[in-house]
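Next up, some structures in structure tokens.
Each of the two complexes below includes chain A, the first together with chain B, the second together with chain C.
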Partner chain A sequence: MKKIFLVLLLLLVCNGCVPKSYIEQLGIITAIGYDQAEEDQVKGTMVIFQFDPTATASSQVVSAVADTSKGIRFRANRQTSHRLVSGQVRLLLFENKLAEKGVMRYMDTLSRDAKITDMGFLSVSDVPTEKLLKSGISEDAPNTGNYIQRLIEKSIHQEMIPNVELTSFIHHYYDVGIDPVLPLLSTQEEKTMIKGLALFQNDRFVQTLSEEDIIFLLLLKKDLKDAELQLQLPNEALQNYYKKRSINPATDGELHVSLNEVETDLSIQTKKNDPVSPSVHLKMEARLLEITKDIDLKQRKAIRKLEDEIAKGIEERLSLVVNQLKEEKVDPVGFGKEYNEKHRTNRITEESWRDQISQLDVSFDVEVKLLRYGISE
Partner chain B sequence: MERRIPVKKELYMESLQKHFRNSPDLVNKTFTFNRQTIVIHFINYQVNKDQLERDLLPPLTNAKKPWTMESLKNAIPLSSSEEIKDFSSLARELIHGGVSVYIVGYEEVVVFTLPKQDHRALNRAETESLVFGPQIAFTESLMTNLNVVRWRLDTDDLTVEKFLVGERIQSEVRVIYLKSLANEENVQTMKQRIEDIVIDEIEDSTVLNQLIEDSSSTVFPQLITTELPDRFCNSIAKGRVGVLVDKSPTAIIGPMTLFNFFESTEDTYMRWNIGTFIRMLRFLSMVISIVLTPMYVAALTYHYEIIPSSLLVSLGQSRATVPFPPVLEALLLEILIELLREAGARLPTKVGQTMGIVGGIVLGQAAVQAGFTSNILVIIIALSALASFTAPSYMMGSAIRIIRFPMIILAGAWGLIGIVFALSFLVIHLLRQKSLGRPYLAPIYPFEASALRGTIFRLPFQKNAKRPSYVMPKDESRFDKKRAGTKRDRSSP
Partner chain C sequence: MKTNLNVPQSQTVQAFYLFFIVHTIQIGAGLMGVPRILFLDAQADAWISVAIAGVYLHFIAWIMIKILRGYENADILGIQTDLFGKFVGKTLGIFYLLYIFLILLSVIKNYIEVVQVFIFPEIPIWLMSLFLLSLMVYSVTGGFRVVVGTSFLFFLLTIWLVLTISKPITYMDWGHFTPILQTSWTDILKGAQRTAYTVLGMEILFFVYPYIKNKKNIALPVHLGLAMTTFLVMLVTVVSIGYFSPDHLRETVWATLSLFKIISFPVIERFDFIAVALWMMVVLPNIVLLCWMLVHSLKRLFHLKEKHSIFGVSVLLFIGALLVEYRMDIDLLTEWTARVGFWLVFVYPIFLFLYMKLVHRWRRRRRA
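Moving on, here comes the complex of A and B:
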């Protein structure tokens, strides 16, 4: 009995020591944007939820300039009656100017702060993030930060961009032989969109991969389950298989194919003592969704030919992407990491790999199988 | 100390009048014929008058020769005749509906029992209502109840033992079990506990239940009280021990485990898959009922991080105008629900129905509109209240509603840590409980996989050929599993 009373007493007395955070008294930050300010300072823009049952807008945006990222929150606290907390941060944006200098000084506090989820998304923006977060267009999301978060989440889910969670960025940053990537956001008539992929050298943003090339980088990065792919093939590649009595003459115009339900099986082989000449073997199964010329799909040979052409087209695009990576000395694919995982001799290091990237000589071998293509009469 | 019956007529009549303190209800009649004086006594309303005037008085008064004790006992066509020498037992027989026949000059009295008892007929179950399956419920009459039990358990193996409990006002208690099945130790424990009761009177079987339970400090019931004869008899057929108390419509069964309180006889009557689903639903609703409101309080007071971001806006907006901290808000609404339930139970049925409207629509709606509570909490509280009402045992449902309050307070004081603390405490507490000395949390602890199929799940009967072993029946096998699984018409190729 004495023990129970002691426990109850402890409960009562210690109750006051637990810091309370009543949800209605909090300014819950959902997205933070970092912009370059003058004199090496950063300007932080925060989207916070504002719980006012009468107001139509359920969030507001506050900005502050400070030397550190936590300082921003401290300064911004003066602009709102709510206590700013970062436990619900799901999106972190960096302006391109800031990202070019390196983002690790901000990542450090983000990854160490236990209140901030490691599953939050990171992005680079080529317009000031303040402008991005203050733009009013957010579709049905409660605010722009939320809209961008949903946009990125959907894009990852649909295999349009690689995983850009904070944890994978940190992971790729510290791993030897692989560089992180982040989506590059921009605005189009006030509305935020994904413009491309920001390629990083360590933690510095160096180059943009155009939106059309993202899928080809993805093909090299992981096994895809259900992706979509657009490809342009040589105009006359399939001229032997045009339909005899075609409704629309198929001779002019370009040959485009559109694939979906793309499922790939990627394997990267590396040779011993030779980290710079990996060979990529890619098996792909897909469904032919659209083709701009009137091909007679009933012919088995036509399909074989089409598969070969698609494989060839993909190989070309892959080598173009790798060439671009070589020029910028970045390795988001992780060729170096792949080598280090397989071999114990002549291992690459953080310093050596950066120079070796430009010597990369990747050979591609793509197999394409069209599972379903449909027949039209 | 025995007091002999007076031989003199005047003395006999006087002492009876004195014993009943000149009660106007004590009727005496003196007949004189065949040169013999006979005095009969009975209590007016305790005796079946029709029977008295049809079966006792005519043969008594039409006799050709004088009565003797022997002829009185044998010649009167009534089965219940008893020769009594002791005065106090005579008085007791009169209270129980006896008619005493006193022949002047004898030292003994013959008592014929012609009791009249008004009690309600067997009726539909009210507190443990069923959608289908047997519908009758026990009544207040022990004899009727025993009759029903005998009728349902049609075997001479059924053993009924009689006890009297109460020092001032005695109640008849019957311990019922199957001799060849019930564990000797269980029966002994039950019998011993009933014998050991020291009390002036027991009001009802539920009182007896509280007196013989293993622990009286816990909120959890350890023996099931039921008004359903089918539930009572099914349990006895599984090797449990049952208790019936006179003047009480509820029967007691033991030993029980926590999970038995979430079983309804309806699970047995349903197809096994539907029965299992419904049983699972009840376990789920118990968890919801205990955890949901404390989780709300904890999340809104301490852990805004765990709230899904899509829920954050609506939660925050509904909380924005509420002037109380979440813990107070939740306690207020929980008490409101308890008030509604209590008011609904106390009011007459016709008025009771309006309680739902007053409580549900007027109070709930107005409280939210006035910014008194958040509407999400109203949903949560209503859900957890609803969930607590799914427990087939009313006692268990009440226990679950009670333990929610400390959970909410702990969640308000310590957040999730408080909830985990409370849940751990709850598990430890349940582990320590016993029912007739048997573990309360079986078959989870001590774990027994084969018993799960009858307790937590409700597998097809052919698959479940064992009686629950935690009851420790003398014979665990219900039937031959192999023979039960085959149907002859289908086995031929």
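Moving on, here comes the complex of A and C:
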């Protein structure tokens, strides 16, 4: 009896000691956008999710200006009756002007705060993030922040953009010889879309990689499993293999091919003592989805020729992308990291690599296999 | 003080339980941060440090068992008085006491710190220490068998946490390990030495030996327990080095717990909260076994009644826990414990063994 009484007493006493969080009283921040404000201050916009049994619209967007990112939450707390908590932040947006100055100072609080998940997505936006988050266009998601999060999640899943979770950004930021990338968001008729890829020098946003080039950067970054690829080839590259009896005879138009189910096997070789001349070997299997000229696919030679042309086309595009990277002195591929992992001599450092990037001389070797081409020949 | 102990049959346990005793007292607060500690010294080759430390553990265990086999049914306190005489033996015993107290305090402080950082920043220190200490008092008053039962039970309740590491493994970057052996051997050995805090506690073998029923079979469970410990330390070290970038790992205080941050299940979005809470079950056998060692030694050295010394120890721990406030002080405490522990647990037994051989031979010769 005495024991039971003691246990009950303990239960009662201990209950009061840990602060309680009632879910109705919480404003759960799901997305944060940072914009450049005047005088080095930062403007934060937060999408807040709240559980209100009576209301139907359960999100709201709050903005505040402050010096630090935690200061934003502090200020924003005065604009809402809910207690703001950041345990569920899934999306972090940075305005391009802010990202050009470096995002790591905002990242510090994210990795220092044990409450924030490492699986949130990061993005750069070329319109003020406040405008993005307040636009209200969200398809079937509860709010715009949630819509953007789903958009990015889907794009990563479909191998349209690389992984941009907080953990991989921090990983690439800290690793020597590789720079992080983030998706660049923009609006099209008020609706948010992915416009390209933001290339970073350390934590500073320096240049945009256009939407069509993203896939070629991805080819260099990792093995793809099921990606899609569009390519333009020289107009007359396949003229020997046009169908003789065609309802739709080959015309003068451009030759475009579209591949899907692209599966790649990437290997980057580096030479001893020479970090700036890696060679990329890329094996690719794909399915031909679309071709704008009527080719006689029954001929083995035609397929061979097409494969060669595609390989050549890809090599050209890859070197164009690498040239762009060289111009901006960024290395999202991790050529420097690749060298450091293999070699003990003449190792690169964070500082030396930045200058060496412009001397990069990458050679490409692409092998393409078109295994399938749909149900028509 | 008698060299050999008379332990009633009702207080002894099978040698099989040594696996749990040795393993659970080693794994605890240290494991939360060990990848970073090793990485600071041995860089990407920290896993070699762990391997070296693991081999050394087995060597020390072999020495310990040799020492214990030199007597019929003795513990370290009895052996020391037998070898060095009453005064020196007791002084060394008091050294052990202080060391065990330090390690006990550091385990409690480290865990409370983690709870405050990860889950409840507002929770007062006194409350958390009260929770831990009340559980400790509860099991230690139950006697040796209850203490062993605690370690057995909590091992089974928490070992499944190992499986959740599969998710961080998918995020690993194996390139972080190559080229191997970039670090100098001195740094790697230094790293091996730094493992000490994580694997401290195996000296419990010196204390529980009289309580083991079938003393012939103790080698296997002890070595298995040590192998398990080495495996876990190796696992978290390797995964952490692969998962974090070098500079990031240098800044991540509790790398093992941070690994849990990316695990999420459909019903539990943030598994790290669960992991930190569950870690209490990892830490508890630590505390209970260490406290038992303290109480047991107090009884052996000063004939203190167990009930009195348990409460005395808890009050001292409680005060100690309240006094150490800053993270810096906790780190300092941990570092000093690690240093003292290294010499006491991993170096001293070798000397003790050699000295024991010498003394025994001398005695035999004199008798003959």
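The working rule: the second predicted complex is superposed on the first by the 358 of 377 C-alpha atoms of A that agree within 3 Å, B and C clash if a C-alpha of one lies under 4 Å from a C-alpha of the other, contacts with A are read in each partner's own complex, and residues count from 1 in each chain.
Everything below uses one rule, namely that a residue touches a chain if its C-beta (ideal position, glycine included) is under 8 Å from a C-beta of that chain, and two chains touch if they have at least 3 such contacts.
Since the model is a prediction, treat every value here as computed from it, not as a measurement.
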Which superposed partner A:Ser58 touches (first chain B, second chain C, both, neither): first
Touching partner for A:Asn146 - first (chain B), second (chain C), both, neither: first
Which of chain B and chain C A:Lys342 touches, first, second, both or neither: second
Chain B versus chain C as contact partner of A:Ser125, first or second or both or neither: neither
Touched partner set for A:Ser138, first chain B, second chain C, both or neither: neither
Partner chain(s) touched by A:Gln88 [first = chain B, second = chain C, both, neither]: both
Residues of chain A at both interfaces, chain B in one complex, chain C in the other: 18, 87-88, 117
For the chain A and chain C complex, residues of the former touching the latter: 14, 17-19, 87-88, 111, 114, 117-119, 167-168, 170-176, 337-338, 341-344
List of chain A residues in touch with chain B within their complex: 11-12, 15, 18, 20-24, 26, 28, 30, 49, 51-53, 58, 85, 87-88, 90, 115, 117, 142, 146
Residue ranges of chain C in contact with chain A within the complex: 117-118, 120, 122-124, 127, 131, 171, 173, 175-176, 178-179, 182, 244-248, 258, 261-262, 264, 269-270, 272
Touch list for chain B against partner chain A, complex: 299-302, 304-305, 307, 309, 312-313, 315-322, 325-326, 410, 413-415
